[in-house]
Amino acid sequence: MSNDQLQTLQTKTPEEGFELAVKLSQHGVEVTQTSEEIRQMLRPVYARNADSLIAVSQVIAIHFQTIAAANNYWTVRTPQYWRRPPQYWY
Amino acid sequence: MSNDQLQTLQTKTPEEGFELAVKLSQHGVEVTQTSEEIRQMLRPVYARNADSLIAVSQVIAIHFQTIAAANNYWTVRTPQYWRRPPQYWY
Amino acid sequence: MSNDQLQTLQTKTPEEGFELAVKLSQHGVEVTQTSEEIRQMLRPVYARNADSLIAVSQVIAIHFQTIAAANNYWTVRTPQYWRRPPQYWY
Amino acid sequence: MSNDQLQTLQTKTPEEGFELAVKLSQHGVEVTQTSEEIRQMLRPVYARNADSLIAVSQVIAIHFQTIAAANNYWTVRTPQYWRRPPQYWY
Amino acid sequence: MSNDQLQTLQTKTPEEGFELAVKLSQHGVEVTQTSEEIRQMLRPVYARNADSLIAVSQVIAIHFQTIAAANNYWTVRTPQYWRRPPQYWY
Amino acid sequence: MSNDQLQTLQTKTPEEGFELAVKLSQHGVEVTQTSEEIRQMLRPVYARNADSLIAVSQVIAIHFQTIAAANNYWTVRTPQYWRRPPQYWY
(Lines give C-alpha, C1' and ligand atoms only; values in the text may rest on other atoms or scores of the structure.)
Protein backbone atom coordinates (compact mmCIF):
# COMPACT_ATOMS: atom_id res chain seq x y z
CA MET A 1 0.00 0.00 0.00
CA SER A 2 1.42 3.35 -0.93
CA ASN A 3 1.66 5.57 2.10
CA ASP A 4 -0.25 8.40 0.51
CA GLN A 5 -3.42 6.34 0.53
CA LEU A 6 -3.31 5.70 4.24
CA GLN A 7 -2.95 9.38 5.07
CA THR A 8 -6.71 9.62 5.01
CA LEU A 9 -9.78 7.40 5.10
CA GLN A 10 -11.77 9.93 3.11
CA THR A 11 -12.82 8.84 -0.36
CA LYS A 12 -15.02 10.47 -2.96
CA THR A 13 -17.41 7.56 -3.48
CA PRO A 14 -18.41 4.26 -1.89
CA GLU A 15 -16.69 2.60 -4.86
CA GLU A 16 -13.36 4.17 -3.90
CA GLY A 17 -14.07 3.39 -0.27
CA PHE A 18 -14.48 -0.25 -1.15
CA GLU A 19 -11.17 -0.22 -3.03
CA LEU A 20 -9.49 1.23 0.04
CA ALA A 21 -11.08 -1.52 2.17
CA VAL A 22 -9.57 -4.11 -0.16
CA LYS A 23 -6.15 -2.48 0.20
CA LEU A 24 -6.36 -2.35 3.99
CA SER A 25 -7.30 -6.05 4.03
CA GLN A 26 -4.25 -6.87 1.92
CA HIS A 27 -2.12 -4.59 4.08
CA GLY A 28 -3.15 -6.65 7.13
CA VAL A 29 -1.68 -9.70 5.42
CA GLU A 30 1.44 -7.88 4.24
CA VAL A 31 2.44 -6.73 7.70
CA THR A 32 2.30 -10.33 8.95
CA GLN A 33 3.90 -11.99 5.95
CA THR A 34 6.31 -9.39 4.69
CA SER A 35 7.80 -11.58 1.97
CA GLU A 36 6.21 -10.68 -1.35
CA GLU A 37 7.53 -13.97 -2.71
CA ILE A 38 5.71 -16.13 -0.16
CA ARG A 39 2.51 -14.15 -0.54
CA GLN A 40 2.62 -14.74 -4.28
CA MET A 41 3.05 -18.48 -3.62
CA LEU A 42 0.00 -18.56 -1.33
CA ARG A 43 -2.22 -16.59 -3.66
CA PRO A 44 -3.15 -19.28 -6.24
CA VAL A 45 -4.11 -21.61 -3.39
CA TYR A 46 -6.50 -19.39 -1.44
CA ALA A 47 -7.83 -17.73 -4.59
CA ARG A 48 -9.25 -21.10 -5.60
CA ASN A 49 -10.61 -21.93 -2.17
CA ALA A 50 -14.16 -20.73 -1.64
CA ASP A 51 -13.88 -20.52 2.15
CA SER A 52 -10.69 -18.45 1.92
CA LEU A 53 -12.37 -16.10 -0.54
CA ILE A 54 -15.36 -15.70 1.76
CA ALA A 55 -12.99 -14.98 4.66
CA VAL A 56 -11.22 -12.32 2.61
CA SER A 57 -14.59 -10.82 1.74
CA GLN A 58 -15.36 -10.63 5.46
CA VAL A 59 -12.18 -8.72 6.26
CA ILE A 60 -13.01 -6.30 3.45
CA ALA A 61 -16.51 -5.91 4.91
CA ILE A 62 -15.10 -4.98 8.32
CA HIS A 63 -12.74 -2.39 6.84
CA PHE A 64 -15.57 -1.07 4.65
CA GLN A 65 -17.59 -0.44 7.83
CA THR A 66 -14.78 1.73 9.16
CA ILE A 67 -14.29 3.62 5.93
CA ALA A 68 -18.02 4.15 5.42
CA ALA A 69 -18.31 5.62 8.91
CA ALA A 70 -15.25 7.80 8.28
CA ASN A 71 -16.99 9.21 5.22
CA ASN A 72 -20.28 9.66 7.02
CA TYR A 73 -21.64 7.07 4.56
CA TRP A 74 -20.97 9.47 1.67
CA THR A 75 -24.05 11.47 2.45
CA VAL A 76 -24.72 14.83 3.98
CA ARG A 77 -27.22 14.51 6.73
CA THR A 78 -29.13 17.62 7.42
CA PRO A 79 -30.45 17.34 10.94
CA GLN A 80 -34.23 17.21 11.18
CA TYR A 81 -34.58 20.50 13.01
CA TRP A 82 -32.50 22.30 10.45
CA ARG A 83 -35.01 21.75 7.68
CA ARG A 84 -37.64 23.61 9.65
CA PRO A 85 -37.91 27.27 8.73
CA PRO A 86 -36.09 29.51 11.26
CA GLN A 87 -39.26 31.13 12.58
CA TYR A 88 -40.16 27.85 14.19
CA TRP A 89 -37.30 28.37 16.54
CA TYR A 90 -38.24 31.78 17.89
CA MET B 1 -21.32 -5.13 -9.52
CA SER B 2 -22.38 -2.33 -11.77
CA ASN B 3 -20.66 0.87 -10.77
CA ASP B 4 -23.87 2.83 -10.51
CA GLN B 5 -24.91 0.77 -7.50
CA LEU B 6 -21.81 1.59 -5.54
CA GLN B 7 -22.20 5.31 -6.07
CA THR B 8 -24.39 5.37 -3.00
CA LEU B 9 -25.27 3.22 0.00
CA GLN B 10 -28.74 4.77 0.15
CA THR B 11 -31.62 2.42 -0.59
CA LYS B 12 -35.36 2.88 -0.40
CA THR B 13 -36.13 -0.10 1.83
CA PRO B 14 -34.35 -2.61 4.08
CA GLU B 15 -35.14 -5.19 1.38
CA GLU B 16 -33.09 -3.25 -1.16
CA GLY B 17 -30.43 -2.65 1.47
CA PHE B 18 -30.13 -6.38 2.00
CA GLU B 19 -29.75 -6.91 -1.76
CA LEU B 20 -26.96 -4.36 -1.80
CA ALA B 21 -25.29 -6.17 1.12
CA VAL B 22 -25.39 -9.39 -0.90
CA LYS B 23 -23.76 -7.62 -3.85
CA LEU B 24 -21.02 -6.10 -1.70
CA SER B 25 -20.29 -9.54 -0.25
CA GLN B 26 -19.95 -10.98 -3.74
CA HIS B 27 -17.89 -7.97 -4.79
CA GLY B 28 -15.42 -8.79 -1.99
CA VAL B 29 -14.91 -12.19 -3.56
CA GLU B 30 -14.71 -10.84 -7.11
CA VAL B 31 -11.88 -8.43 -6.33
CA THR B 32 -9.81 -11.31 -4.91
CA GLN B 33 -10.67 -13.91 -7.53
CA THR B 34 -11.17 -11.87 -10.66
CA SER B 35 -11.72 -14.88 -12.94
CA GLU B 36 -15.44 -15.34 -13.51
CA GLU B 37 -14.65 -18.84 -14.73
CA ILE B 38 -12.98 -19.97 -11.51
CA ARG B 39 -15.70 -18.38 -9.39
CA GLN B 40 -18.31 -20.34 -11.33
CA MET B 41 -16.34 -23.52 -10.66
CA LEU B 42 -16.22 -22.86 -6.94
CA ARG B 43 -19.89 -21.98 -6.64
CA PRO B 44 -21.49 -25.47 -6.73
CA VAL B 45 -19.06 -26.61 -4.03
CA TYR B 46 -19.61 -23.91 -1.42
CA ALA B 47 -23.31 -23.59 -2.24
CA ARG B 48 -23.75 -27.15 -0.98
CA ASN B 49 -21.59 -26.70 2.08
CA ALA B 50 -23.54 -25.52 5.12
CA ASP B 51 -20.55 -23.89 6.81
CA SER B 52 -19.66 -21.95 3.68
CA LEU B 53 -23.25 -20.75 3.37
CA ILE B 54 -23.26 -19.62 7.01
CA ALA B 55 -19.97 -17.80 6.41
CA VAL B 56 -21.45 -16.02 3.39
CA SER B 57 -24.47 -15.09 5.48
CA GLN B 58 -22.11 -13.55 8.03
CA VAL B 59 -20.37 -11.37 5.45
CA ILE B 60 -23.79 -10.22 4.25
CA ALA B 61 -24.73 -9.42 7.87
CA ILE B 62 -21.64 -7.23 8.31
CA HIS B 63 -22.35 -5.29 5.10
CA PHE B 64 -26.00 -5.00 6.08
CA GLN B 65 -24.89 -3.30 9.31
CA THR B 66 -23.04 -0.70 7.30
CA ILE B 67 -25.88 -0.13 4.86
CA ALA B 68 -28.50 0.02 7.60
CA ALA B 69 -26.47 2.69 9.41
CA ALA B 70 -25.99 4.58 6.15
CA ASN B 71 -29.76 4.69 5.74
CA ASN B 72 -30.35 5.65 9.36
CA TYR B 73 -32.11 2.30 9.66
CA TRP B 74 -34.73 3.46 7.15
CA THR B 75 -36.52 5.51 9.77
CA VAL B 76 -36.82 9.16 10.54
CA ARG B 77 -35.97 9.78 14.15
CA THR B 78 -37.51 12.85 15.56
CA PRO B 79 -35.40 13.85 18.54
CA GLN B 80 -37.19 13.66 21.87
CA TYR B 81 -37.06 17.40 22.53
CA TRP B 82 -38.54 18.18 19.16
CA ARG B 83 -41.85 16.57 19.98
CA ARG B 84 -42.32 18.96 22.87
CA PRO B 85 -44.42 22.00 22.02
CA PRO B 86 -42.24 25.08 21.32
CA GLN B 87 -43.43 27.00 24.38
CA TYR B 88 -41.53 24.55 26.52
CA TRP B 89 -38.37 26.01 25.17
CA TYR B 90 -39.00 29.64 25.99
CA MET C 1 -38.70 -14.29 4.12
CA SER C 2 -41.93 -12.58 3.36
CA ASN C 3 -41.32 -9.15 1.90
CA ASP C 4 -43.52 -7.38 4.40
CA GLN C 5 -41.08 -8.20 7.18
CA LEU C 6 -38.15 -6.57 5.48
CA GLN C 7 -40.00 -3.31 4.88
CA THR C 8 -38.87 -2.21 8.30
CA LEU C 9 -36.34 -3.11 10.98
CA GLN C 10 -38.65 -1.75 13.69
CA THR C 11 -40.02 -4.31 16.11
CA LYS C 12 -42.07 -3.93 19.26
CA THR C 13 -39.81 -5.89 21.59
CA PRO C 14 -36.28 -7.32 21.72
CA GLU C 15 -37.93 -10.74 21.43
CA GLU C 16 -39.40 -9.82 18.06
CA GLY C 17 -36.12 -8.20 17.11
CA PHE C 18 -34.32 -11.44 17.79
CA GLU C 19 -36.79 -13.32 15.62
CA LEU C 20 -36.13 -10.88 12.80
CA ALA C 21 -32.38 -11.41 13.26
CA VAL C 22 -32.92 -15.14 12.85
CA LYS C 23 -34.86 -14.55 9.65
CA LEU C 24 -32.22 -12.23 8.21
CA SER C 25 -29.56 -14.86 8.96
CA GLN C 26 -31.58 -17.48 7.11
CA HIS C 27 -32.24 -15.02 4.31
CA GLY C 28 -28.48 -14.63 3.86
CA VAL C 29 -28.24 -18.35 3.22
CA GLU C 30 -31.31 -18.42 0.97
CA VAL C 31 -29.95 -15.79 -1.41
CA THR C 32 -26.78 -17.84 -1.89
CA GLN C 33 -28.38 -21.28 -2.09
CA THR C 34 -31.75 -20.59 -3.67
CA SER C 35 -32.79 -24.23 -3.86
CA GLU C 36 -35.12 -25.01 -0.98
CA GLU C 37 -34.47 -28.68 -1.65
CA ILE C 38 -30.71 -28.45 -1.16
CA ARG C 39 -31.08 -26.29 1.95
CA GLN C 40 -33.38 -28.93 3.46
CA MET C 41 -30.74 -31.57 2.70
CA LEU C 42 -28.02 -29.55 4.45
CA ARG C 43 -30.12 -28.78 7.50
CA PRO C 44 -29.90 -32.09 9.42
CA VAL C 45 -26.13 -32.04 8.99
CA TYR C 46 -25.31 -28.58 10.35
CA ALA C 47 -28.09 -28.74 12.96
CA ARG C 48 -26.19 -31.58 14.61
CA ASN C 49 -22.80 -29.92 14.32
CA ALA C 50 -21.95 -27.77 17.31
CA ASP C 51 -19.53 -25.52 15.42
CA SER C 52 -22.10 -24.85 12.70
CA LEU C 53 -24.70 -23.99 15.32
CA ILE C 54 -22.29 -21.60 17.03
CA ALA C 55 -21.54 -20.00 13.65
CA VAL C 56 -25.27 -19.55 12.99
CA SER C 57 -25.64 -18.00 16.43
CA GLN C 58 -22.90 -15.55 15.52
CA VAL C 59 -24.63 -14.42 12.34
CA ILE C 60 -27.82 -13.92 14.36
CA ALA C 61 -25.83 -11.87 16.89
CA ILE C 62 -24.52 -9.57 14.16
CA HIS C 63 -27.99 -8.99 12.72
CA PHE C 64 -29.37 -8.48 16.23
CA GLN C 65 -26.83 -5.66 16.69
CA THR C 66 -28.23 -3.94 13.62
CA ILE C 67 -31.85 -4.42 14.62
CA ALA C 68 -31.24 -3.34 18.23
CA ALA C 69 -29.61 -0.13 17.00
CA ALA C 70 -32.49 0.42 14.55
CA ASN C 71 -34.90 0.24 17.47
CA ASN C 72 -32.76 2.46 19.67
CA TYR C 73 -32.38 -0.59 21.90
CA TRP C 74 -36.15 -0.54 22.58
CA THR C 75 -35.76 2.29 25.05
CA VAL C 76 -36.50 5.98 25.07
CA ARG C 77 -33.47 7.92 26.13
CA THR C 78 -34.20 11.25 27.61
CA PRO C 79 -31.07 13.33 27.27
CA GLN C 80 -29.43 14.32 30.55
CA TYR C 81 -29.99 18.05 30.14
CA TRP C 82 -33.67 17.55 29.46
CA ARG C 83 -34.36 16.28 32.93
CA ARG C 84 -33.16 19.53 34.41
CA PRO C 85 -35.96 21.97 35.17
CA PRO C 86 -36.26 24.69 32.46
CA GLN C 87 -35.20 27.54 34.73
CA TYR C 88 -31.69 26.13 34.72
CA TRP C 89 -31.44 27.13 31.12
CA TYR C 90 -32.33 30.78 31.46
CA MET D 1 -34.76 -18.30 27.50
CA SER D 2 -37.72 -17.10 29.44
CA ASN D 3 -39.62 -14.47 27.53
CA ASP D 4 -39.53 -11.98 30.35
CA GLN D 5 -35.78 -11.58 29.97
CA LEU D 6 -35.98 -10.60 26.33
CA GLN D 7 -38.54 -7.87 26.98
CA THR D 8 -35.67 -5.53 27.63
CA LEU D 9 -31.93 -5.26 27.09
CA GLN D 10 -31.57 -3.09 30.18
CA THR D 11 -29.61 -4.61 33.06
CA LYS D 12 -28.47 -3.16 36.34
CA THR D 13 -24.77 -4.03 36.03
CA PRO D 14 -22.25 -5.16 33.41
CA GLU D 15 -22.26 -8.50 35.23
CA GLU D 16 -25.97 -8.97 34.53
CA GLY D 17 -25.43 -7.70 31.00
CA PHE D 18 -22.83 -10.38 30.44
CA GLU D 19 -25.24 -13.03 31.69
CA LEU D 20 -27.85 -11.79 29.25
CA ALA D 21 -25.25 -11.97 26.45
CA VAL D 22 -24.62 -15.60 27.36
CA LYS D 23 -28.35 -16.32 27.19
CA LEU D 24 -28.75 -14.62 23.82
CA SER D 25 -25.85 -16.68 22.48
CA GLN D 26 -27.51 -19.87 23.65
CA HIS D 27 -30.85 -18.66 22.30
CA GLY D 28 -29.25 -18.33 18.84
CA VAL D 29 -28.37 -22.00 18.99
CA GLU D 30 -31.77 -23.03 20.37
CA VAL D 31 -33.71 -21.45 17.53
CA THR D 32 -31.65 -23.40 15.01
CA GLN D 33 -31.53 -26.72 16.85
CA THR D 34 -34.83 -26.79 18.70
CA SER D 35 -34.33 -30.28 20.13
CA GLU D 36 -33.17 -30.00 23.71
CA GLU D 37 -32.10 -33.64 23.47
CA ILE D 38 -29.73 -33.10 20.56
CA ARG D 39 -28.27 -29.95 22.11
CA GLN D 40 -27.50 -31.92 25.28
CA MET D 41 -25.75 -34.55 23.15
CA LEU D 42 -23.59 -31.93 21.44
CA ARG D 43 -22.66 -30.15 24.64
CA PRO D 44 -19.97 -32.48 26.06
CA VAL D 45 -18.23 -32.47 22.68
CA TYR D 46 -17.90 -28.73 22.08
CA ALA D 47 -17.37 -27.99 25.78
CA ARG D 48 -14.12 -29.94 25.57
CA ASN D 49 -13.03 -28.38 22.30
CA ALA D 50 -10.97 -25.23 22.78
CA ASP D 51 -11.83 -23.78 19.38
CA SER D 52 -15.56 -24.26 19.97
CA LEU D 53 -15.28 -22.58 23.36
CA ILE D 54 -13.43 -19.64 21.82
CA ALA D 55 -16.14 -19.40 19.14
CA VAL D 56 -18.85 -19.36 21.82
CA SER D 57 -16.92 -16.65 23.67
CA GLN D 58 -16.91 -14.62 20.45
CA VAL D 59 -20.69 -14.82 20.04
CA ILE D 60 -21.06 -13.72 23.67
CA ALA D 61 -18.70 -10.81 22.97
CA ILE D 62 -20.83 -9.65 20.03
CA HIS D 63 -24.04 -9.77 22.09
CA PHE D 64 -22.26 -8.03 24.97
CA GLN D 65 -21.45 -5.16 22.59
CA THR D 66 -25.15 -4.77 21.85
CA ILE D 67 -26.22 -4.97 25.49
CA ALA D 68 -23.48 -2.60 26.67
CA ALA D 69 -24.59 -0.03 24.10
CA ALA D 70 -28.23 -0.53 25.11
CA ASN D 71 -27.26 0.31 28.68
CA ASN D 72 -25.13 3.26 27.66
CA TYR D 73 -22.20 1.27 29.05
CA TRP D 74 -23.76 1.44 32.52
CA THR D 75 -22.55 4.98 33.00
CA VAL D 76 -24.17 8.38 33.02
CA ARG D 77 -22.33 10.69 30.72
CA THR D 78 -22.69 14.30 31.55
CA PRO D 79 -21.85 16.24 28.42
CA GLN D 80 -18.73 18.40 28.69
CA TYR D 81 -20.54 21.71 28.31
CA TRP D 82 -22.98 20.83 31.04
CA ARG D 83 -20.35 20.79 33.72
CA ARG D 84 -19.55 24.41 33.04
CA PRO D 85 -21.28 26.81 35.41
CA PRO D 86 -24.35 28.44 33.80
CA GLN D 87 -22.85 31.91 33.66
CA TYR D 88 -20.42 30.66 31.02
CA TRP D 89 -23.35 30.37 28.69
CA TYR D 90 -24.62 33.91 28.89
CA MET E 1 -13.34 -13.13 37.08
CA SER E 2 -13.91 -11.44 40.37
CA ASN E 3 -17.30 -9.80 40.48
CA ASP E 4 -15.93 -6.44 41.46
CA GLN E 5 -14.27 -6.06 38.09
CA LEU E 6 -17.49 -6.48 36.15
CA GLN E 7 -19.30 -3.81 38.13
CA THR E 8 -18.01 -1.29 35.66
CA LEU E 9 -16.43 -1.11 32.21
CA GLN E 10 -14.58 2.07 33.14
CA THR E 11 -10.81 1.81 33.28
CA LYS E 12 -8.12 4.42 33.78
CA THR E 13 -6.05 3.64 30.70
CA PRO E 14 -6.30 1.70 27.42
CA GLU E 15 -3.79 -0.73 28.98
CA GLU E 16 -6.22 -1.55 31.78
CA GLY E 17 -9.05 -1.66 29.27
CA PHE E 18 -7.17 -4.27 27.29
CA GLU E 19 -6.64 -6.35 30.42
CA LEU E 20 -10.38 -6.20 31.10
CA ALA E 21 -11.03 -7.31 27.50
CA VAL E 22 -8.79 -10.32 28.09
CA LYS E 23 -10.74 -11.18 31.23
CA LEU E 24 -14.10 -10.87 29.52
CA SER E 25 -12.86 -13.19 26.75
CA GLN E 26 -11.81 -15.76 29.32
CA HIS E 27 -15.09 -15.27 31.17
CA GLY E 28 -16.96 -16.20 27.98
CA VAL E 29 -15.14 -19.52 27.98
CA GLU E 30 -15.62 -20.07 31.72
CA VAL E 31 -19.40 -19.74 31.57
CA THR E 32 -19.54 -22.42 28.88
CA GLN E 33 -16.96 -24.79 30.35
CA THR E 34 -17.34 -24.29 34.06
CA SER E 35 -14.83 -26.96 35.02
CA GLU E 36 -11.52 -25.34 35.86
CA GLU E 37 -9.92 -28.76 35.50
CA ILE E 38 -11.03 -29.27 31.90
CA ARG E 39 -10.07 -25.70 30.94
CA GLN E 40 -6.57 -26.33 32.30
CA MET E 41 -6.38 -29.49 30.19
CA LEU E 42 -7.36 -27.61 27.03
CA ARG E 43 -4.98 -24.74 27.61
CA PRO E 44 -1.64 -26.28 26.52
CA VAL E 45 -3.28 -27.45 23.30
CA TYR E 46 -4.78 -24.20 22.05
CA ALA E 47 -1.91 -22.11 23.42
CA ARG E 48 0.36 -23.89 20.94
CA ASN E 49 -2.06 -23.61 18.04
CA ALA E 50 -1.58 -20.45 16.03
CA ASP E 51 -5.15 -20.41 14.70
CA SER E 52 -6.59 -20.76 18.20
CA LEU E 53 -4.39 -17.93 19.44
CA ILE E 54 -5.52 -15.72 16.57
CA ALA E 55 -9.15 -16.58 17.40
CA VAL E 56 -8.60 -15.65 21.04
CA SER E 57 -7.02 -12.39 19.92
CA GLN E 58 -10.16 -11.70 17.87
CA VAL E 59 -12.48 -12.17 20.85
CA ILE E 60 -10.28 -9.82 22.86
CA ALA E 61 -10.48 -7.30 20.01
CA ILE E 62 -14.29 -7.39 20.05
CA HIS E 63 -14.43 -6.86 23.81
CA PHE E 64 -11.82 -4.11 23.54
CA GLN E 65 -14.15 -2.30 21.10
CA THR E 66 -16.88 -2.34 23.72
CA ILE E 67 -14.62 -1.23 26.55
CA ALA E 68 -12.99 1.51 24.47
CA ALA E 69 -16.42 2.90 23.59
CA ALA E 70 -17.48 2.67 27.25
CA ASN E 71 -14.48 4.82 28.16
CA ASN E 72 -15.07 7.26 25.33
CA TYR E 73 -11.72 6.03 23.96
CA TRP E 74 -9.98 7.43 27.06
CA THR E 75 -10.10 10.94 25.69
CA VAL E 76 -12.09 14.03 26.48
CA ARG E 77 -13.61 15.39 23.37
CA THR E 78 -14.36 19.04 23.50
CA PRO E 79 -16.99 19.70 20.86
CA GLN E 80 -15.86 21.92 18.00
CA TYR E 81 -18.22 24.78 18.78
CA TRP E 82 -17.08 24.89 22.38
CA ARG E 83 -13.58 25.98 21.47
CA ARG E 84 -14.94 29.05 19.79
CA PRO E 85 -14.87 32.13 21.97
CA PRO E 86 -18.30 32.85 23.49
CA GLN E 87 -18.82 36.07 21.57
CA TYR E 88 -19.21 34.07 18.42
CA TRP E 89 -22.45 32.78 19.81
CA TYR E 90 -24.15 36.06 20.63
CA MET F 1 4.04 -3.97 23.31
CA SER F 2 5.72 -1.19 25.15
CA ASN F 3 3.42 0.27 27.75
CA ASP F 4 3.79 3.80 26.50
CA GLN F 5 1.95 2.95 23.31
CA LEU F 6 -1.13 1.68 25.10
CA GLN F 7 -1.49 4.82 27.17
CA THR F 8 -3.50 6.29 24.36
CA LEU F 9 -5.36 5.23 21.21
CA GLN F 10 -4.68 8.59 19.59
CA THR F 11 -2.40 8.54 16.56
CA LYS F 12 -1.39 11.23 14.14
CA THR F 13 -2.36 9.44 10.94
CA PRO F 14 -4.37 6.41 9.77
CA GLU F 15 -1.01 4.83 8.91
CA GLU F 16 0.08 5.03 12.56
CA GLY F 17 -3.38 3.89 13.63
CA PHE F 18 -2.99 0.80 11.48
CA GLU F 19 0.40 0.07 13.05
CA LEU F 20 -1.19 0.30 16.48
CA ALA F 21 -3.95 -2.09 15.36
CA VAL F 22 -1.26 -4.57 14.32
CA LYS F 23 0.37 -4.27 17.73
CA LEU F 24 -2.90 -4.74 19.61
CA SER F 25 -3.57 -7.87 17.53
CA GLN F 26 -0.18 -9.27 18.46
CA HIS F 27 -0.73 -8.24 22.07
CA GLY F 28 -3.90 -10.35 22.12
CA VAL F 29 -1.79 -13.36 21.20
CA GLU F 30 0.99 -12.51 23.65
CA VAL F 31 -1.31 -12.38 26.67
CA THR F 32 -2.57 -15.88 25.85
CA GLN F 33 0.75 -17.42 24.89
CA THR F 34 3.23 -15.59 27.07
CA SER F 35 6.23 -17.63 25.95
CA GLU F 36 8.17 -15.68 23.33
CA GLU F 37 9.90 -18.93 22.42
CA ILE F 38 6.70 -20.79 21.55
CA ARG F 39 5.32 -17.82 19.62
CA GLN F 40 8.49 -17.75 17.54
CA MET F 41 8.02 -21.46 16.83
CA LEU F 42 4.45 -20.94 15.66
CA ARG F 43 5.24 -17.98 13.47
CA PRO F 44 6.78 -19.69 10.38
CA VAL F 45 3.76 -22.03 10.28
CA TYR F 46 0.92 -19.53 10.29
CA ALA F 47 2.88 -17.00 8.24
CA ARG F 48 2.80 -19.47 5.36
CA ASN F 49 -0.84 -20.39 5.82
CA ALA F 50 -3.19 -18.19 3.81
CA ASP F 51 -6.17 -18.77 6.09
CA SER F 52 -4.17 -17.85 9.18
CA LEU F 53 -2.94 -14.69 7.49
CA ILE F 54 -6.50 -13.75 6.55
CA ALA F 55 -7.58 -14.37 10.15
CA VAL F 56 -4.79 -12.13 11.43
CA SER F 57 -5.86 -9.47 8.94
CA GLN F 58 -9.39 -9.71 10.37
CA VAL F 59 -8.23 -9.13 13.95
CA ILE F 60 -6.26 -6.12 12.75
CA ALA F 61 -9.39 -4.85 10.98
CA ILE F 62 -11.42 -5.06 14.19
CA HIS F 63 -8.79 -3.17 16.18
CA PHE F 64 -8.47 -0.63 13.37
CA GLN F 65 -12.21 0.06 13.72
CA THR F 66 -11.69 0.91 17.37
CA ILE F 67 -8.66 3.08 16.77
CA ALA F 68 -10.25 4.89 13.84
CA ALA F 69 -13.27 5.73 16.00
CA ALA F 70 -10.98 6.84 18.83
CA ASN F 71 -9.34 9.27 16.42
CA ASN F 72 -12.64 10.47 15.01
CA TYR F 73 -11.44 8.94 11.72
CA TRP F 74 -8.58 11.44 11.61
CA THR F 75 -10.84 14.18 10.40
CA VAL F 76 -12.34 17.26 11.95
CA ARG F 77 -16.03 17.29 11.34
CA THR F 78 -17.53 20.68 11.35
CA PRO F 79 -21.21 20.23 12.03
CA GLN F 80 -23.47 21.28 9.18
CA TYR F 81 -25.09 24.16 11.07
CA TRP F 82 -21.74 25.59 11.99
CA ARG F 83 -20.82 26.37 8.42
CA ARG F 84 -23.82 28.62 8.13
CA PRO F 85 -23.04 32.27 8.75
CA PRO F 86 -23.99 33.32 12.31
CA GLN F 87 -26.79 35.63 11.20
CA TYR F 88 -28.78 32.60 10.17
CA TRP F 89 -29.13 31.78 13.82
CA TYR F 90 -30.64 35.05 15.00
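Should a chain be cited, it is by its letter among A, B, C, D, E and F, assigned in written order, with residues numbered from 1 in that chain.
Keep this in mind: contacts are C-beta pairs under 8 Å (C-beta built on N, C-alpha and C of every residue); 3 or more make two chains touch, one makes a residue touch a chain.
As the structure is a prediction and not an experimental result, all values here were calculated from the model.
Enquirer: Rounding to the nearest 5 degrees, give the angle of the rotation that lays the CA atoms of subunit E over those of subunit F.
Expert: 60
Enquirer: Any idea how many Å lie between the Cα centroids of subunit C and subunit E?
Expert: About 24 Å separates the centre of subunit C from that of subunit E.
Enquirer: Give, as an integer number of Å, the spacing between the C-alpha centres of subunit D and subunit C.
Expert: Subunit C and subunit D have C-alpha centres separated by 14 Å.
Enquirer: Among the residues of subunit A, which ones contact at least 2 other chains?
Expert: 49, 51, 55-56, 58, 62, 65, 69, 77
Enquirer: Connecting every touching chain pair, does the picture come out as line, ring, star, complete or other?
Expert: The chain contacts form a single closed ring, each chain touching exactly two others.
Enquirer: In which sequence are the chains arranged about the ring, given a start at subunit D and a first step to subunit E?
Expert: D, E, F, A, B, C
Enquirer: Give the list of subunit B residues in touch with subunit A in this complex.
Expert: Answer in residue numbers: 3, 6-10, 24-29, 31-33, 38, 42-43, 45-46, 49, 51-52, 55-56, 58-59, 62-63, 65-66, 69-70, 72, 76-79, 82, 86.
Enquirer: Which stretch or stretches of subunit C touch subunit D in the complex?
Expert: 13-15, 18, 22, 47-51, 53-58, 60-62, 64-65, 68-69, 73-75, 77, 80-81, 88
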